[in-house]
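Have a look at this one before I ask anything.
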Amino acid sequence: MVVVLEKNISDKQIENVIKHLEEFGFAVHKSTGVEQIILGAIGVKPDFDTRKVKILDGVAEVYRITEPFKLASRTFRKEDTVIKIKDVSIGGNEVIMMAGPCSVENEDQIFTIAEIVAKSGAKILRGGAFKPRTSPYAFQGLGEDGLRLLRNAADKYNLLVITEVMESSQINLIEEYTDIFQVGARNMQNFSLLRDLGKTTKPIMLKRGLAATVEDWLMSAEYILANGNRDVMLCERGIRTFETYTRNTFDLSAIPVVHKRSHLPVIADPSHATGLRDKVLPMARAAVAAGADGLMVEVHNDPEKALSDGPQALLPEQFMELMQQVKLIAGVIGRKM
Amino acid sequence: MVVVLEKNISDKQIENVIKHLEEFGFAVHKSTGVEQIILGAIGVKPDFDTRKVKILDGVAEVYRITEPFKLASRTFRKEDTVIKIKDVSIGGNEVIMMAGPCSVENEDQIFTIAEIVAKSGAKILRGGAFKPRTSPYAFQGLGEDGLRLLRNAADKYNLLVITEVMESSQINLIEEYTDIFQVGARNMQNFSLLRDLGKTTKPIMLKRGLAATVEDWLMSAEYILANGNRDVMLCERGIRTFETYTRNTFDLSAIPVVHKRSHLPVIADPSHATGLRDKVLPMARAAVAAGADGLMVEVHNDPEKALSDGPQALLPEQFMELMQQVKLIAGVIGRKM
Amino acid sequence: MVVVLEKNISDKQIENVIKHLEEFGFAVHKSTGVEQIILGAIGVKPDFDTRKVKILDGVAEVYRITEPFKLASRTFRKEDTVIKIKDVSIGGNEVIMMAGPCSVENEDQIFTIAEIVAKSGAKILRGGAFKPRTSPYAFQGLGEDGLRLLRNAADKYNLLVITEVMESSQINLIEEYTDIFQVGARNMQNFSLLRDLGKTTKPIMLKRGLAATVEDWLMSAEYILANGNRDVMLCERGIRTFETYTRNTFDLSAIPVVHKRSHLPVIADPSHATGLRDKVLPMARAAVAAGADGLMVEVHNDPEKALSDGPQALLPEQFMELMQQVKLIAGVIGRKM
Amino acid sequence: MVVVLEKNISDKQIENVIKHLEEFGFAVHKSTGVEQIILGAIGVKPDFDTRKVKILDGVAEVYRITEPFKLASRTFRKEDTVIKIKDVSIGGNEVIMMAGPCSVENEDQIFTIAEIVAKSGAKILRGGAFKPRTSPYAFQGLGEDGLRLLRNAADKYNLLVITEVMESSQINLIEEYTDIFQVGARNMQNFSLLRDLGKTTKPIMLKRGLAATVEDWLMSAEYILANGNRDVMLCERGIRTFETYTRNTFDLSAIPVVHKRSHLPVIADPSHATGLRDKVLPMARAAVAAGADGLMVEVHNDPEKALSDGPQALLPEQFMELMQQVKLIAGVIGRKM
């Protein structure tokens, strides 16, 4: 931590700041410049609240200088994390496609879509059984029936399953059916849930919160990692800004940023980021071009009748076109799909 | 719902849009202008996804025109909701002060602070026993011990208790000790928690999420209301913007906005909104001047040693000064404190 | 315009609203639903302030329903605008590269870079002679000397020139030297400048403001178009959000959004959007994959010594690699480069 | 400036970073901690681009540690700037009211409003003669005729005049009529205009840009100050966020923040910040409670017929009520009005 002192600070104030720093457990190193004195405070702990120093008399600015996350950082682990589930590797050279409906609605729907997904060459089937809905009056998902249908459809077409968990009490149940737990954007800072998922052994996909900085997001990943589960992948799905023509603003720069700061894989979800079907194809291409390790896309055989988020679901033929185009783009940057 | 058609729409496309609207359950009313045709679609349900219409061929724009929340709206209930707990009324003429430490740390601390809070004329003691912390390595609260200390301190000084609940499994435990459940900003869209709190009978204070519009916030209140609990108050505590000199941007305009749209009381929390002690006093004054029904403020007898958020806690004498000033401002707008 | 009336509105209030609408020049069409009355107000003018209706007694909501821009809209002109300058076409099938230094610094620098730019296959040389700098103490550009060097370097290597104009008084001077006027993000709503540029005959590239919605941006384009100059291209260069790991948030979804709403070409500037060299390559690829009609990229032969924005400038070999990769990506979506 | 090196940096890399820093003109001071090496670089110039260091091999983070503005900072000048114009002082103990219509429309209108403004006890008459309008089709102001009417109305009722300047070419003309130049939010980073205003001798009110951080805003003030004009006041008028129920988000915390960082007075404009009449009164009260040195408010004798921004203008009786309430609130914090 670096503590910059005010220009007109008195000797007594300097002593007082140093005394506090030492009481907080820091080794202190003073450098006196022409205009200002700077204190280097060595040994900052990840949870230290730098505002404790900022409010001391005579302190102008405080900089943490070390990242508040540790296990999630590239400094802690140089090599990319590659998550292996059966014959699928996430975070390696291959770009992974996860596709399926927003919600599992009935047997016919999920089997039909699973077949489309498998034919396209995608490896993972998505589908919600417990749905976080902004309105208490909206369809909340089929629950365990949905999980069972999803698993059966995936098994029939040799796909893996990813589905969302909304609260700790659902973990055991969902674990029986899924290969990957998905944590939704609105739960990114549901710390109880993150802690409990950290104690499971199945991989977790952590979606970025609407107002989460990349740092917040990596801190939430740290919760899972610190509780023992090292198979965490991140998912960019748009942040909230002033722009209203799209549902959210898809922050694709976050992909190279995360790859520099962290060793964890990053998936991109153009369906939720844009909220409208005709924006999904160009933004899926852009995400792969920006270096995403995978895509999550909503597909529906009959989106007009979908019980949730139909308007952002691709039609089967659009999805096939998307698969073809992103495969070519993956090739341009030396990756497979 | 109002559906604006594109200027060059064909008769067949118009028919198709109308057919869809009727299938969705709407009564349709067509008005033909010089340049454009507009369809009025009567009978929109709160959970209808307007994008289902937006993606139809020939549709230019769709406007919901009715608010997606119902029980929370001023249209549903004209009179202000006044929440009564023992001899305290929240949402009436009196401006209510809730004060106390960020976290309950030990017996001495919470009793000392409770005494200060009571002496100042405040009615409600705040304090966290379960703390949502961004870092998994930070102090997470004393748990049930903290709840017990908080209750005992409040009882000794004749105060009510407000404390945060982070997950459904804590509801029964916390209910034994608290008078008001607090839902934190990061859990504002933890819909499972909201639903379960809706089944309790104690009042809930729902903090606004960092990226929540006023509409999102009222939709979250709707979850609680729709599950049966009508004693909901809201709490503005800052939203996330590009500005970095303050921790969050305190959106005080939200106070008159909520008062117009909803009948629910609005509390303001200048401690979390600004994140630094010297901004709390002016922003507490501003919140009352803007019409807040109450304030939540952090106070600590020894903030330098506080285990969490010490830098934003007021010193006892600063808190006394704040109480004096906000009382005078409440008087200017015809309210008591 | 659609005017939604409050549920409990009186007949007298309805009459009053209708009277006002008629005075504002609208033809009014009333539809009475089960719960609510809606007025269709036909004939809204682009500059009508809908708040004039919103504040009338008994009015619940007002929706404009027509876009406030006209000449810039896809409704006004169905075909893409293609801007032709000598043998270069912007907005057609070819993806156009504009490259060069942030500022023209001296003869040697600009000729060296122009040679690199030309060799790579790019068609347009960028370089600033008048620089908008946040600090009054920073290098403000070489002025007319810079323009002359830029023109000479471009002519030698058979390139077109784009350079920024900061105020109306510079228009005549810059017009002598440039092929395209660039309007910077901070001047996007400098309406005097836009009006005066609208009276020139050279193409304009209008950068998006940091806080500009797509609608604001198209309204600014409308200023230029309405004053007579139809050769306007837009340039996405990042918007301001809460994220701090990148300088700005590159809003690539704006590219397909603009292409749907407007006929004007859209260029993307990954150098300013990200602010750091190692993010430029992935985001340039992403921009082309998202459908950008061109790229603007900063290149410098000796970025460490650059007088401005060196840290975001690509090295010559990085620029060559970028050209190769984006050419391949353009091919995937059926475009040339 | 503080340069944090990466943990695994080689000696050769360290030497290289130090060499660069010295070439950039810094005196370098090295401190070696247990985990990391930190370099103190003494002598940073206000315009130094810290990214030049950030991109060097082995550099983890760079912190400027000194504010990029100088003349605007509280460090440079401890005492509050008090701007004196005839018998009015802005930035002293008195809270100053500026009021009037958005645009000057005709003689009758401006004289009627000036009389109301004067009667209320306000000291300064506002009114636009040159209007920055988002739409090229909207009313753009009366120009010099408007200036003349404004001056005459102010003189008759013994008021000062504030009016907006949009471009450098208007400065001489407007200077003949006004007491204070207003720079609008959209021109906050029109650096040519700021520079030219810095060479005048009349006070300037600089409105905050929609996407401007407090730092950006003070940098723009620095432009004016550095060119010689020391009579600068700032005006908070709302920033752009995701919230849509208000036109902008009124950032009242910026008032105490600016007062800490800078010696310049801060005015607040609740009319533009909220955009709707019924939010102006509570937010005007809140601004004074937060410590604003003055208010700017729109008043109109016949807002329904106003040529611009009528919906946010107060009616005369509302304005009188506002004056009474804010006077009382000013008293609570020991200020006069």
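Letters A, B, C and D mark the chains as written, and numbering starts fresh at 1 in each.
Basically, a residue touches a chain if its C-beta (ideal position, glycine included) is under 8 Å from a C-beta of that chain, and two chains touch if they have at least 3 such contacts.
If you're wondering where the values come from, they're calculated on a predicted model, not measured in any experiment.
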Which of C-D and B-C has more C-beta contact pairs: C-D
Most distant chain from chain B, judged by the mean position of its C-alpha atoms: C
Averaged-CA centre spacing for the pair chain D and chain C, given as whole angstrom: 26
Whole-Å separation of chain centres (CA-atom averages), chain B against chain D: 31
Whole-Å gap separating chain B and chain C, where each centre is the average of the chain's CA atoms: 38
Chain B residues counted as touching two or more neighbouring chains: 211, 239-242, 244
Touching residues (chain side chain A, partner chain C) in the complex: 211, 213-215, 239, 241-246, 249-257, 260-261, 273-274, 278-279, 282-283, 285-291, 325, 328-329, 332-333
Chain A partner contacts - residues on chain B that touch it in the complex: 20, 45-47, 49, 51-52, 54-55, 68, 132-139, 166-169, 186-187, 189-193, 195, 209-211, 216, 219, 222-223, 226-227, 239-240, 275-277, 304, 308-312
Residues of chain C touching chain B in the complex: 2, 4, 6-7, 27, 29, 31, 33-36, 38, 40, 42-43, 60-61, 63, 65-66, 75, 240-242, 244
